[in-house]
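Shared between the two complexes below is chain A, which pairs with chain B and chain C, respectively.
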Partner chain A sequence: MKDYSGKIMEIDLSHGSIRIKDIEAQLVRQYIGGIGFNARILYDEIPIGADPFGEENVLVFAAGTLVGTPFPTASRSEASAKSPLTGGFGTSNSGAFFGLQLKTAGYDVLVIKGKSPQPVYISINDEDVKILSADSLWGKECWECVDYLEKKHYGSEIALIGPAGENLVRFASIENGRYDGWGRTGLGAVMGSKNLKAITVKGTKGRKAHDPQALLNAVKKGQQLIKSASSYHAFTEYGTLNASIPYSNFKAISAHNFTKGTLPNWKEIGGRPIVDRYGSRHVACQSCIIACGHWVELSEGKYAGIKMKDLEITPVMSFGATVGLNTEAIIKACELCQRYGVDMVSAGGVLGFAIELYKQGIISEDDVGFELDFGDDEAAFKLFHMIINREGIGDILAEGSKRAAEQFEQGDKYAIQVKGMEIPMIDPRGRWSTWTLGMLTNIRGGDHLRCRNPVENLRFNERDEEYRKERFGFKQTMYEKLDMPEELKRKTIDLENDITYIPEMSKWAEDLINLYNSVGICIRPPVMEKVGPTIIAEACQAFTGIEFTPAELMESAERTWNLIKLFNLREGEKAEASKFPRRFYEEELNGQVLDEGKIQKVLEIYYQLRGWDPKTGRPERATLKRLQLEQPGE
Partner chain B sequence: MDKLIYIDHQKCVGCATCEMVCSLVHEGICSPSLSRIRVVRYPTQAFNVPITCAFCEFPPCVSVCPSGAISKNAQNGEVAINSILCIGCRQCVQACPFGHANFNFDQGTAFKCDLCGGNPQCVEYCWTEALQYLPLERALGEKREAVARNMLGST
Partner chain C sequence: MNSKKMGMRMKRIFVNAEACTGCGLCQLLCSVHKTGQWHPALARIKIKEMPELELNVPVLCLHCSNPPCEVYCVMNLIYKDPNTGYTLRREDKCIGCRACEIACPFSAAVMDPIREVVVNCDLCEGDPLCVSGCPEGALLYMEDSEAGERKRKAAVSLGAWRASRPRDGRGSL
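Let's turn to the complex of A and B:
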């Protein structure tokens, strides 16, 4: 088998030791890279029941296999650790240029163990790796630190935490430069618990391609595929905001902490027109041919002077819909999240939760110190700072909505989370789809980014009585061009009756996204519609020289998904945790509630498709054997 | 030389595809440090400027090269480094007014854009049209027309 040139750098902050290890080609074959490596390392290295803030937790960054090549969108790296928010596998994916620098410095994986006795940062310059004092940076917000570190470490990319991570806010993010981040599952707090403020990385070496011409051919094909996607032009222009209006039309947005489904004037607050009004240039991550990021400069109004990459659907929904802010305040909220280092979804979710507690009379002005209301930006930002600094009631809210809910009567009703993580954007009562089932099956908790139908239609929204199917809604050519094994495609999509089967599509979509997160490409819809395992196998083989078939890649992605599930089960995850907050089953939205029993049946079908026990959701022995994941002694 | 790599930095989104394609084509390695074309990024202004060889009519790199390794082709205007003759003195790197001519420490020789023999691959893979390989008259014609269209619109 061909040698694999990537290395693992392991830094133990307790002892200040640095070790560089080879990556066995066998590990690449079984886990590909990115999240696959992270899953294997976390499963092997973190003891059962470890304190997420303890010395035993391990924080891993892995750049995907294709990162640092011109393969379109191959910029993504995955950060993982045991999550302080969910207690399970914490993981988050980010683009921009950090992965490229890590790769060109010679590393695929950066493993951080232990805990430094005082604040430090890590500086990587090819083989030259140093652990340096961060005394002068501790307590400072991210943008100020990036300014300083960029000057000191010329040409470096920077991963860092803000005050939220330092203060162990359980939904703190790791920021990726100024405007990107590994947002979800509270990894910033893990970094903070290790007294690690930042990682700067600069590489000059690069990675030799096994067959440069074959790789260039795959790049060309990949570019052509993405450009031919039906959503390509809409995404180059409006980015992710394309979905904002359809979801609002379905009355399925997270408005006012999931109580309203839509808001008056939503199109003007959170739709595509805000890109025309506030956006200027487009901003791309490494090798991206979509450039969905918008550059925003506010020249007038209360928040004049803000300049940043912004106007993505997730923060727009989180602060515009959940908290009810106007567009300029949404932009300000994004700036605050980036500078102080918190996850935008959970931050919006926790603020929405607190505002609703206030509106319900469960907390009062005496508890907060001021009045709270949906749409009140000044109050929301005051509370935001109390959370970041763990002041007053902010100290309770910094624990995340699930833990905070335990402190208040009926609190759990208003904490809109699954497995401890605040859910984003879409209310499943307003729209039931592969996307919303994914919030329950997601290995990282209540989140939408690990299960997304590659051919999701945003024109139709008909609720199937049995929660089993959604409308396919496209022409035959879309069906034919979808890169999916024919037999599976026939089982998943019934073209004649215009049906997509949700559990079948969920399994495929989760494995496909896991493959993306292994090789380091992006899940934007034009990519998902067109880039399947076939072209990925071609590119990976050309680059690494290791032979992969499309089926093997999908199996590796499935192996990783199962290994992460095993991690969560080992940490005590129960089947009943795969459940929405009770509001969704009890309170009507547009005259609809969710039927828990029927959703359970769909979950059981999904578990069976995965080869998991239909009741407990535990992988069956035969499945583990097939995936070579058998536990010793079993 | 009537053709040039015409750079419209207003269109550049900073994706660096050109850098990775260039190093892959010339070195078989994906590495911006080994790319002939480089993108200068100003992330706090979303402003990106690709810089490559200007193919100067009076190239300082040729003038300072003590070993005759760099020459300008009188027919097609290309300025190329013959790595067999290169002694690795880095004079061309220092003389280049654009920071374009660069040095490969592994090989001990200088490198610069060679237009990929007349079919520059950075242009081929650039999806924004920030890079175009055009005859000068055509590039300038497009620029003049854009100015004129503006005037037309404003009357």
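Let's turn to the complex of A and C:
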């Protein structure tokens, strides 16, 4: 292994000990990197039933295999721990420059164990690793800490938590510098429970490729592929916001806590025009040729003076649709989330949940201290601060909507979550697709980022009564260029009848995204549309010198997915948990409710495709054997 | 020919910071070309992120006509190439004192931490990888006159020229 940085750094905060281990060749072969390493480490290290806030929880950061090369979008790193929000495998992916610094400091994986008796932060400078006191930083918001740490550790990248993580808000995030973060599943609270405020990393070691010329060729090919994607130009201009209007037209956005499907004037609040109006220059993560981020500056109005990287669809939907705020308030909400270290999706979900409880009369002004309404930004931000500081009703809401719902009569009806995690953006009653089935099958709960159809067509929204298929809708060339084994492609997409089969595509998409998260590339649509296992195998091979075939890579991604499923089952996940909130089956939206029985049938097809038991969703022994995941003693 | 006269016709790298997204590809390509390793710290081009200006600015050697580094080099290693007008150096003799780095108003001369010598952009013998590898066209490799021409063209198309003329349109400068 010529250039696998090839080191795991293990820091035990309980004892203040630091250990550096080599990565075994077997681990690289089987799990590639990134989320794969995380899955194996968490499965091996966390005892069953461990308290997410306890000493035995383990927090792992791993940079993807290709991070540090110019391969397009290779910037991403994965953070994982047992989630305080879902109780299962908690994991989140972030771009920017942290992964690059971690890799060039000489480490693929950073494992944090134990619990420090007092607030500390970790500073990594190649081999020089220190655990330093964070007394002066504790309680401060993120941007202030970044300013301080950037001065003190010049040139370092910083992962840190804000007051939300310190106060163990169950959906706190770990922030990645000022503007990015590992948002979902409450990893910030895990970091807070370990009394760890921040990690600064600076690396000075260059990385050598096994075959530099071959790698450059793969990079060039990768860039050309992405540039040829149908969504490339739209993405370089408007980023993720491209999807905002189509979903609103389908009446499938999370408006007012999933009661409306769309909002009047949504185009002006949360569509592409807001990029023209508020955005300025584009910002990229390391090695990215898409640059979907924008600098935003608010020069006038109530929130004048905000300057940040923003205008992504997820926060826009979360605060614009779910909570009903206007664009300037959305930008303010993003700023608050980043300063205080909160997951934007869950924050919006919990605020929307609270507002609806208020509107339904389940909680009153006496409980909250002030009035709540959709679209009232001042009240929403007041409540936001109460959640961060766990004051009054905020203390209940900080537990996440599922736990909070247990405190209120009929609460579960208004808590829009799957397995404890708040659902983002889209309403499956408005549009049923691979994406929405993915919210049920996702290994981290109600989330949209681990299963996306690489060839999703946003021009059509035809509902299949059996929930089994969606319209393909592209020309034959798109089908031909999709990098997928031929036989599987024929089973997944029926070109003649213009159909994509949802369960088949879900499995492929989940494994593909898992592969992306292993090698550290991004899941933006232009990448997903064109970059498949073939080109990734070429790049990985050129970089590491290990021979990977595309099929092996996909198998290892599947292995990781199965291992995470085993982790969740071990923690007591039930098959019944793969279910949408009650509202989606009971309350009509656009005259539609979801049919629980039919969705269950589709799930069963999906389980069978995965080689899992169709009733319990547990991987069959033969599947585990095929993936070399058998438990010792079985 | 005198290097200063050559200066007008030499090709240089011009920076269009408005287009830079900060993806850092130029840094990686530079470092691997020059050192065989991937790392922004080894690159001769550095991107400065300026959130307060909402800008990312690539900084690299501008090959000045009167380079202060040339004056400050105690070992006399820095010279203007008589044919191209580029500011070059004999890296093998460098003692790593970094006086040139400090003297440069842009700090565009940078320490190569592997060899412990100071280096600057040498334009890759006429085929700079950072330029060909920039996905946004933020780096341009061209003659000064062409860069000036482009800038003038851009200014004119923005209406700056029209604005400078009197309203009646006859132009009586």
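What we mean here is this: the second predicted complex is superposed on the first by the 629 of 634 C-alpha atoms of A that agree within 3 Å, B and C clash if a C-alpha of one lies under 4 Å from a C-alpha of the other, contacts with A are read in each partner's own complex, and residues count from 1 in each chain.
By our rule, contacts are C-beta pairs under 8 Å (C-beta built on N, C-alpha and C of every residue); 3 or more make two chains touch, one makes a residue touch a chain.
Everything numeric in this text was worked out from a predicted model, so none of it was measured.
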| item | value |
| --- | --- |
| Clash-or-fit label for the pair chain B, chain C on chain A | clash |
| Per-residue touch tally on chain A - higher for chain B or for chain C | B |
| First, second, both or neither for A:G352, with chain B first and chain C second | neither |
| First (chain B), second (chain C), both or neither touched by A:G411 | neither |
| Partner chain(s) touched by A:K205 [first = chain B, second = chain C, both, neither] | both |
| First (chain B), second (chain C), both or neither touched by A:P581 | neither |
| Chain A positions touched by chain B in one structure and by chain C in the second | 68-70, 97, 100, 104, 178, 203-209, 212, 216, 223, 280-289, 291, 295, 307 |
| Chain C residues within the chain A interface of the complex | 18, 21-25, 28-29, 31-32, 35-42, 51-52, 54-56, 113-114, 133, 135-136 |
| Chain A - residues contacting chain C, complex | 68-70, 97, 100, 104, 178, 203-209, 212, 216, 223, 280-289, 291, 295, 297, 307 |
| Residue numbers on chain B that touch chain A, as the complex places them | 13-17, 20-21, 23-25, 27-34, 43-47, 121, 125, 127-128 |
| Chain B partner contacts - residues on chain A that touch it in the complex | 68-70, 72, 97, 100, 103-104, 177-179, 203-209, 212, 215-216, 219-220, 223, 227, 280-289, 291, 295, 307, 309, 543 |
